[in-house]
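In what comes next, subunit A is part of two complexes: it sits with subunit B in the first one and with subunit C in the second one.
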Partner chain A sequence: MKNEDVKPPAASYKSQRINQGALYSWPMGVWFIIFFIAPIVIITIYSFLKKGLYGGVEPIFSFRAYEQMSNPKYGILVIRTLRIAVISTLITILLALPCGYAMARSKNQTLLLFLVIIPFWTNSLIRIFAWMSILNNDGILNQILLSLHITKNYIQFLYNQGTVILVSIYMYLPYAILPIFTSIDKFDFSLLEAARDLGANKPQSMFKVLIPGIKSGIITAVIFTFIPVFGAYTVPLLVGGKDSYMLGNIIVDEVQKTRNWPLAAAFSMVITLASIIGILWISRANTSDAKMKAVSTKEENYVTEAQK
Partner chain B sequence: MNNVFFFFFPALRNRKMSEPARHAKKSWKKHAPTFSLSKTVLTITLLFLFIPLFVIIIYSFNDSKGAEFTHPSFIWYKKLIFDSQPLWEALLNSLIVAFTSATVSTLLGSLAAIGCSWYKFHGKGFIEAVTYLPMILPEVIVGISMLIFFSGIKVPLSLFTIFAAHTTFCLPFVFLMVKARLDEFDFSIIEAAHDLGATDAQTLLKVIVPSLMPGIVSGFLMAVTMSLEDFVITFFVAGPGSTTLPLYVYSMIRFGVSPVINSLSCVMILGTSLLAFIMRKGLKTFAASH
Partner chain C sequence: MRFYQLLPRLLELKGSQVTIEHVSKKFGDYTALDNINITIQPGEFFSLLGPSGCGKTTLLRIIAGFEFPDDGAVLFDNTNVIPFPPDKRHSNTVFQTYALFPHLTVYENVAFPLRLKKLDKKIIDEKVRYYIHLVQLDEHINKKPNQLSGGQKQRVAIARALINEPKVLLLDEPLSALDAKLRANLLIDLDNLHDKIGITFIYVTHDQSEALSVSDHIAVMNAGHVLQIGTPFEIYESPATQFVAQFIGETNLFEAQVVDCVPHEANGKPPDYMVTLSVPGLGKQAPLASDTEATLNLDRYMQVTDYVHTSKDQKVAFAVRPEKIRITKDPPETGGRTDINVFSGIVEEPVYSGFQSKFYVRLETGALIKVFKQHTDYLDNGPVIQWKDTVYISWSADDGYIVEDIEK
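Right, the complex of A and B next:
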């Protein structure tokens, strides 16, 4: 309501100088066109061109890159990447839901947010390195196991798919906790009371009232975990082995080693499309959320007016 | 789409809640059993998040080179400070890139935010939509596409290409932080300034800019942080002689681990915590100011 009181002067201010907006905003727009749109357009075009002899491309139209991509060897790679991303996202969300809930209901929200943000902002290489020094052959975990005589020999924890999933979960857990926390924090808990009053037990009220109510937060969390894991490069490179070579790695290798740029571009298109679908999904969930919010505030206003 | 932004800065969410809702939230706690599953999971998760960091910090004070902890010492810190010339050069490069790209992205991003939230013009929808893409696209794609772009237009890889890439991925954050501040902006103070005889330039410098300052400063700090810690995109657009700190850390991890990396990591973790602390306070006053 308060915002609407302020709007009229704002509106008149707007109408006075209608063209300055373009002057203010287009410098950033131009920057994005040069340094973001143009590179994406170029790799889109590259994915439809013929591979150059020593890297680069020849300006001849060809579907060769997409044909190569349908090679079963790459099919396995895509499925593997999908599997790692799906498993990591699933575990991350399952952990993030109770965490976000406990944080939203805690009295020490600020402290807890601070604690989640520290690992979130710490350099990603250092976080990966920390795991490497824990799981290494002479790392701290093996040392503990050996000194407790649980195992007789070193166990190789690093360089397999399980480690990639573990470290991916570690890397993106804060990304998932924050949006879930935010949406639970804004959630109207009187709905849960109502559900309980109407005879739902606690799990029922959680799964049928709370979870649907924070859907947009969960979708944001899913996207922000799934897409980075799907396009991961550093984690599989540093802690993964032969069985955890992912899409991100093949793109880089095709650019730097094999020098098949059209193929790298075609793989990049796959990830880009997945990301765009993700963005559309979030924005759709948000608009439907906003619509629901609008209806409920309207109802609230009726109530307050009736009370007057 | 706002969710994307508030996900990064949850403290900025407008926490207006109706009285019955707030009451329900409080009294819902009464239903809580003494053993809370969610709190247990949260505790375990926080331990999971912090144990690796603590391991690094403890190792950084280890006297010996191996994995076994012998006795505490500062030897790796001494080495870090007095015997790591290339590391300091890398840090210098990182700082140059961070401050130039944060400055440019703060300038462009803040102006664009003002334009997009106060005015109507052609291409506004396009600009707003395109801003979200660099945030969500995996870093590998952004890095590779920029590498191909720069090699296509024959720009040699150098600190300049790193600067251009960093500005690109910092811009959305600055834009969104300043825009959030603008959405709460009280236009009556502009009218008041005009009524009191201020010119447009005076209004801009003495009224608008100071009241947007918290948003602009947090946008700038955010950009500096993001630039300082980026590895993947920098990895692709860095040329010979333009090693940044994360690239140096990468080469330390990849080729020959010296325990100096532990002390360096410890310093970086402390730096991040300090920055999070500064930002937190800023964000809280920022959220509380309306």
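Right, the complex of A and C next:
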């Protein structure tokens, strides 16, 4: 038909492409809906329902779960969880920065990268048990201390907040090292030379040029560490004590023991919210980073500018 | 308005004398610099010129303090600066890749050195604005580097390097990332900036025309050695080695053997010697216009004047620049001179490029001679000399040049 002939070919090509894109991406969409959106929707709905007598929920709208959450005993728990997460994240980043720097500047980059990745090959539970066997009352550490006569009695290393922080750092250090390493690897080291040349000493050049230059990598590392520690369950359960009962543990307890599902759902919402805020922060940092690195294609006509 | 025009009220800065003494540097087994000795006068525009990998950038990095020499010293006004880190030296660098801090604006980039010194905010502001005005970037003061074009970035880098008021400004191929027109303009700006502020400029480049056009002195480097230090004129007109002769400009280079070397009586002033050469690569000479059958002597040798005496049978490298060769379709008129060298060949490749033509002339011996002809007259019907024409090329004894002795 005539109409089809009139249509510019570029437009029809474009519309074709959009259709195809939607076509190809549906499996991903289904995946997202089943495993990401649906669970969040279910948890959100549950958190606004009335709790069932023997677990489960009754389909009656209620703010009861959120009212319960404002109880001071839960408030202490949230603050404690935050404290553990913040301290762990801080120490992890402080350890990851020199590690990432050393890796990026090393000649054996592949080997070091390999060493960082190796722990992922072992199940995290087994790695926690490994720590327990080190820190146990008759564990390796105590045995060494005793045989060197540094202490006379066993020292209780396990089952306290410090151990939770220690093991958390161990668990998430690779997640922090990798993004920091990547951004340092991409960093233009001539900028450090420029800073030195302009009068900065070594620490000044690091803090004023390197750290701002790898900001997006650091933010990613912070989120990658903070979110899992904030929602941690196994680590405080296995190596923590009474003083390290965290949000993750209370959710499990509310589901299994107290059988207050709406409250469990409400606590889950807190963790989900923290994660979403974190992810938004990462993506913002990455876009501003990409903007900074984008090369302006503007051509400058210096000749005419000079003749003005 | 060009940025240097703002300069008169600027700065009583003084350049340092920079002395490089016996500097050597090895990277593993690779010798980057081998016993370099250079003295750069205060306030000079000095170029380090050489092909990539010749060690010029390594030398600049040693002067700036980013590399340490294995041996030798770098003196700024008789003070050895080798023990000092880059931030303690009175030098600043303009980097090839600009090295502007991407997270800071133009203003903050230029203010960076002063903020490190923790100067008073008012003083910083005044100075920064002055230097940004100097490089004509007032309207871009709050932009990030990624919003600037290459030439603008380069000017920010220059402002940032100057704001510390260094005694030596080091420039590491600062123009190599820019396009040709912009490069030419910035080069003139740099030269004028140098004339106005009078600090020592050390300029690293692989572009011989850049170095020739702005430098007071040039050091030509290759493979970790300084081959020649001299004014642009000296380097071009009397290259010390075959490498320099070929690297600077274009040249026709031949191996030759000295047949005779006699005092040059004709003019009584230097050059003092008339050297007669046998140049196998050039073959027999062509007849001159004035030649008759009686005077025809095609076996006559090449003649060249020289400042020094060369002994007989010495093998030498002989060079003649393409622009000093005349190219004609008929045997050349010599006006009675006896020291004209004439050869005949066929134009293999004429290259017309507006202001001049390049001809590649193949001689009977197989040698290919480059000849540049400047078009000083209006060409009515296109270039006179065409492809496959038989031509005569000629030069006088004064235009040839004996580069160096060849050991054999």
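Operating definition for what follows: the second predicted complex is superposed on the first by the 274 of 308 C-alpha atoms of A that agree within 3 Å, B and C clash if a C-alpha of one lies under 4 Å from a C-alpha of the other, contacts with A are read in each partner's own complex, and residues count from 1 in each chain.
Here is the rule we use: a residue touches a chain if its C-beta (ideal position, glycine included) is under 8 Å from a C-beta of that chain, and two chains touch if they have at least 3 such contacts.
This is a predicted model, so every value here is computed, not measured.
Looking at the superposed arrangement, the partner reaching more residues of subunit A, out of subunit B and subunit C, is B.
Touch criterion met: A:190 reaches subunit B and subunit C at once.
Once the two complexes are laid over each other on the shared chain, residue contacts for A:70 go to neither subunit B nor subunit C. In the superposed model, A:209 lies in contact with subunit C only, and not with subunit B.
When both complexes are overlaid on chain A, the residue A:199 reaches subunit C alone and has no touch with subunit B. When the two complexes are overlaid on their common chain A, residue A:153 makes contact with neither subunit B nor subunit C. Taken together, the two complexes place residues 188, 190-191, 193, 196, 300 of subunit A in contact with subunit B and also with subunit C.
Residues of subunit A touching subunit B in their complex: 6, 9-10, 13-14, 17-29, 31-32, 35-40, 42-43, 46, 56, 95, 98-99, 101-103, 105, 110, 112-119, 121-134, 136, 138-140, 143, 170, 173-175, 177-179, 181-182, 185-186, 188-193, 196, 202, 216-217, 220-221, 223-224, 227-228, 230-234, 238, 248, 251-252, 255, 261, 264-265, 268, 271-272, 275-276, 278-279, 282-283, 286, 300. Interface of subunit C with subunit A (complex): residues 1-2, 64-66, 85-87, 91-93, 95, 97, 99-103, 112-113, 116-117, 136, 144, 146-152, 160-161, 164, 181-182, 185-186.
For subunit A in complex with subunit C, the residues that touch the partner chain are 188, 190-191, 193-201, 204, 208-209, 212-213, 215, 291-296, 298-300, 302-303, 305-306, 308.
The touching residues of subunit B, when paired with subunit A in their complex, are 1-4, 6-8, 10-11, 13, 15, 17-18, 20-21, 23-25, 27-29, 31-32, 36-39, 41-42, 45-46, 48-53, 55-56, 59, 66-68, 108-109, 111-112, 114-116, 118-124, 126-127, 130-134, 136-142, 144-149, 151-152, 164-165, 167-168, 171, 175, 186-188, 190-191, 225, 229, 231-232, 246, 249-250, 253-254, 261-262, 265, 268-269, 272-273, 275-277, 280, 284.
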